[in-house]
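Two complexes come next, and they have one chain in common, chain A, joined by chain B in the first and chain C in the second.
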Partner chain A sequence: MVENKELIRVVEETVSRDDVKYVIGYKRGTYGFQIKPAFAYSAKDAKEFFYSPLCAKNLATYPLLEEKLPLRRGEEAEHKKIGIVVKGCDSRAIIQIIQEKGLEREDVVLIGIPCKGVIDPKKIAKRFPKQSKFVDVEENSNDEYVLEISGTSHKIPKDELLSDVCKSCEYPNPLLYDILIGEAEEEFQPEHFNRVDELEEKTIEERWEYWEKHFQNCIRCYACREACPLCYCKTCMADLLEPQWVRRSVNLSENTAWNVMRAFHLAGRCISCGECERACPVNIPLMELNKFVEKEVKEMFDYTAGLDTEEKPLLGSFRPDDPEDFIS
Partner chain B sequence: MEQLTLPKEKLPELLGEIGSKFELIGPKEENGFLAFRKINDPKEVNLDILLSRVPPKSLIFQQTETLFTYTKGKDSKVQTPKIDESVRVIFGIRPCDARGYDIIDPVFMGKKEGDYIDPFYTKRRNRSILIGLSCNEPDTNCFCTSFDDSPANTKHVDILFTDIGDKYFVEVVTEKGEDLIKNLSKIFSKATEKEGNIRKETEKTAIEAISRKMNTEGTVEKLNKMFDHEFWIEAARSCIGCGICTYLCPTCHCFDMQDESTLKLGGRVRVWDSCMYEEYTHHASGHNPRPSRMNRVRNRVYHKFNYFPKNDGIFGCTGCGRCIDYCPVNIDIIEVIDKVKEVNV
Partner chain C sequence: MSTQKKTELEEFEPNIIGFLCNWCSYAGADLAGTSRIQYPPNVKIIKVMCSGRVNPMYIINAFQQGADGVLVSGCHPGDCHYTHGNYLARRRIATMKKLLEFLGIEPDRVRMTWVSAAEGRKYADVVREVTEDIKKLGPMTKFRREKEW
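So, the complex of A and B:
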């Protein structure tokens, strides 16, 4: 359990450091079970920070969104750190980015939060629709989520609202942090990502039909890409015109190309935060693609993304005994 | 305006008849959300979910529009696709979404003589008969009433259905609507005064159920004065530039044009685009007049709450709430406008 008082104290302390530009965390949203990313530029801003099982959003996206405006003559770039509140998966995103040299370790101050799993916003909004005021949720020691709506208290078994990705999470505790708030959680006994297993049992035709049903709804807003902390290429292949890898026409063929290419570009890089699936406005089960690739990578190369900043990225390393039977 | 009623159990019969005579489009549940699709069987229609995820603007302003196709080589030919102009009935459209069409009509159909008229949009708009459905139970982020609209507004549809218990109260608004009704068998009854009163009560209850309000008074003038205010940096800080707010908006209408070809065949397509993308304003020279998220978020707000009112005398927002519902980082347009009010200039 993360004490909000303690969180605020740590954020205040971090943001007051001379070498820190700002700290990113969570604050309460404008309605229902919504949370908002919060940015503290001074100790005063830290007051609105909070943490609860609703804080699903992976904030590791933000340091890479920092816009570096052109410098004026004689002006020097500011080298200040960005503080970020991270859960297990969020810290893995940062590790992976550092591994790929997208960020330097010194660029960030990580405020680690041991995570017990986060609530799926779609599941809880369906369970308690039409909440025009913010409703906070707590987790009790009986594996239940507790919330209060217009004076009535509700207890919901955790399993019913927990995000699917969290059910297969092996790393609830931040793997990289500067400050840890609270006690490390016990490691989960993760279930296999059974959505992938279920799909694998189907025939090729059934699987194609399943993906066709989802991909034809894709509106190619690329929210999956923008929400993903690991999709930070300066120019995405989907935006290239010459050569044009994916056409702009929105149809099943191009939509499939986009979604499959996205999944491949995250091979050995996706850290399973589930951000793409949460952002998708047309409910495409993107984590099934990512988890499938993750499984293949694990089986073939015994590699897991985002565990160690010193490790080489999967696609940037070679071992003489790497499997090659899929080449022929 | 003719006022009729239709018993609820007769709705499948009505939709069946419309479907047998014309193309019928209606709200259908797919993969857990509502989408406007061709209806082959009246049973497919879902009237329980309030709004379709993608607004029905996509039926008229299609996400992908092939403007022309061409073949290459000596005998090359350019062909313009023929647009079906036969009557198409769009059933179950909500008043706010129908109003969305009215807001973007001037963009594609011109405002005055001599303006360019887009044949694709115009032909599809003209072939469509809108049978609206009043919202008896507005959702969390509905705020249509903030724009002098109502969840049972007849103004933007050809026919409006309102659920009044065991019947639909049917208002025939336009000539197009009258023609359609004339074409159908006589399964409607004349509405009584009592039924008219229930309809009015239903609308009143629905209006009262809308809890969110946007105070738009003075917004245009205020925005005139704060283009360069640092407020925009703060407002855009959490924006990840995903574009959901624009793609799901019933009034956003930006597009890009692309030539797409294979060895033998090619075509020019018009596809939705979004001002929330960095690439949207990226010039061939490399210069980008909207280089940061602040410029882009500001543009969305200005277009809807400043440029639209100044150009067309109407806010470019219907209050459907989709951008609030689906923003992954809870950028809430009602809150943004509230904060605009508080800014000191």
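So, the complex of A and C:
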């Protein structure tokens, strides 16, 4: 369990460093189970930082969103670090970004938090709808979530609210960090992401029916792309007009093209934080695509994303003995 | 009704897009032509400089625009004019094929082969096989772009 006092103390210390510009963390939202990203520019901003199982958001997206204005003549770029509060999956996202040279290791100060899994905001909002005030959730030692709503306290088994991706998480502890808060979590046996297996057992026609139903709903808001820590291209292929890879009209054909493109571009890069699925307003099970690709890539090329900053990118490298049983 | 359906299936001529690399497969297709080898006319060839040039999105876009199958063909491993373009293509197409299969699109619709400049006969065989395969699968309409106004 992460002590908020300890977190605030570490954030204060980090922000006070001369070479740190700001620290990104979590703060309480205004209603329901929503949390907000918090940006601390000085020690007094750190007071509102907190951590609870509600903090699902992957903050690794933010350092890449920072606008870098063109420099005046004689002006030098500011080389200041950005502090980020990272869980296990977030640290893997940072590793993957560093591997792709999107960030330098020196650009970031990582405050690691050992994670016990986060709550799926969609699940908890369904269970306790229409909360007008912020409700904090704590985890007790019996694998239960404890929360208090208007005077009555509720105890809910962890399994019911835990995010699906967290059940199959293999790396709950940050792999890359400068400061670790609290004790590292014990390694636990991750469950298999069984939603993929269920789909694989179906026939090819049934699978298309399933995806057709979901892709038809897609409104192409690109929330999955915006939330994803690894979708950080300056110009996304979906936004290009010349050549136009995906047309802007919202119909099954273009929606399928977009969703295939998104899943393919995350092949060997997705670190399964589940942010795309959480962001999706029409509940497309995007993690099923990502997890499937992750599994296949591991089987075929023995490659796992986000473990080593020195690794070469999957689709930019090769081994002469890659499987080619599909080639005649 | 069933006989009518059968004749429809027999009459179906698949529309296949072939991405052939400039240095091996395209020359192989050329050889098949100059050697006067007979093969089905269903594969529409697009010449690319290397099989590594084939963005997997080309496959998706081909399906959107009315292709029933896609053939990607490059030099044999180790023979690439650009030393390793075909190795990169192999990984990409392998991943894309798996992804398409998971989405419920028959993986046989995407075919990858190695054809060298000397293998005119192999190219003709490949085209024959691909055409047969896709004839069996029937037209690909799963996410074809609707006719525009």
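Note that in this section the second predicted complex is superposed on the first by the 326 of 328 C-alpha atoms of A that agree within 3 Å, B and C clash if a C-alpha of one lies under 4 Å from a C-alpha of the other, contacts with A are read in each partner's own complex, and residues count from 1 in each chain.
Keep in mind that, in the parts below, a contact is a pair of C-beta atoms (placed from the backbone, for glycine too) under 8 Å apart; a residue touches a chain by one contact, two chains touch by 3 or more.
Here the structure is a predicted model, which is why all the values come from computation and not from measurement.
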So, A:T14: does it touch chain B (first), chain C (second), both, or neither? neither
Which partner chains sit in contact with A:Q96 here, chain B, chain C, both or neither? Use first/second/both/neither. neither
Who does A:G32 touch here: chain B (first), chain C (second), both, or neither? first
State whether A:S52 touches chain B only (first), chain C only (second), both chains, or neither. neither
Which of the two partners, first being chain B and second being chain C, lies in contact with A:D239: first, second, both, or neither? first
For A:I219, using the defined touch cut-off, is the partner it touches chain B, chain C, both, or neither? Pick first, second, both or neither. first
Using the superposition on chain A described above, determine whether A:N251 touches chain B (first), chain C (second), both, or neither. both
I'd like to know which partner A:D322 touches here: chain B for first, chain C for second, both or neither. second
Once chain A of both complexes is superposed, is A:V282 in touch with chain B (first), chain C (second), both, or neither? first
If you lay the two complexes on top of each other, which residues of chain A touch chain B in one and chain C in the other? 247, 251
In the complex, the residues of chain A that touch chain B are 29-32, 34-37, 39, 57, 61, 65, 67, 69, 129-132, 213-214, 217, 219, 221-223, 226-227, 239, 241, 244, 247-251, 275, 278-279, 281-283
List the residues on chain B that touch chain A in their complex, please. 30-33, 35, 53-54, 63-64, 139-141, 211-212, 237-238, 240-244, 247-248, 256, 258, 260, 269, 271-272, 274, 277, 279, 291-293, 324, 326, 328-330, 332, 334-335
Flag every residue of chain A that touches chain C in the complex, lowest number first. 199-200, 204-212, 215, 237, 245, 247, 251-254, 256-257, 260-261, 263-264, 267-268, 289, 292-293, 296-297, 300-301, 314-316, 318, 320, 322-324, 326-328
List the residues on chain C that touch chain A in their complex, please. 56-57, 60-61, 64, 77-78, 84, 87-88, 90-107, 111-114, 126, 129, 142-146
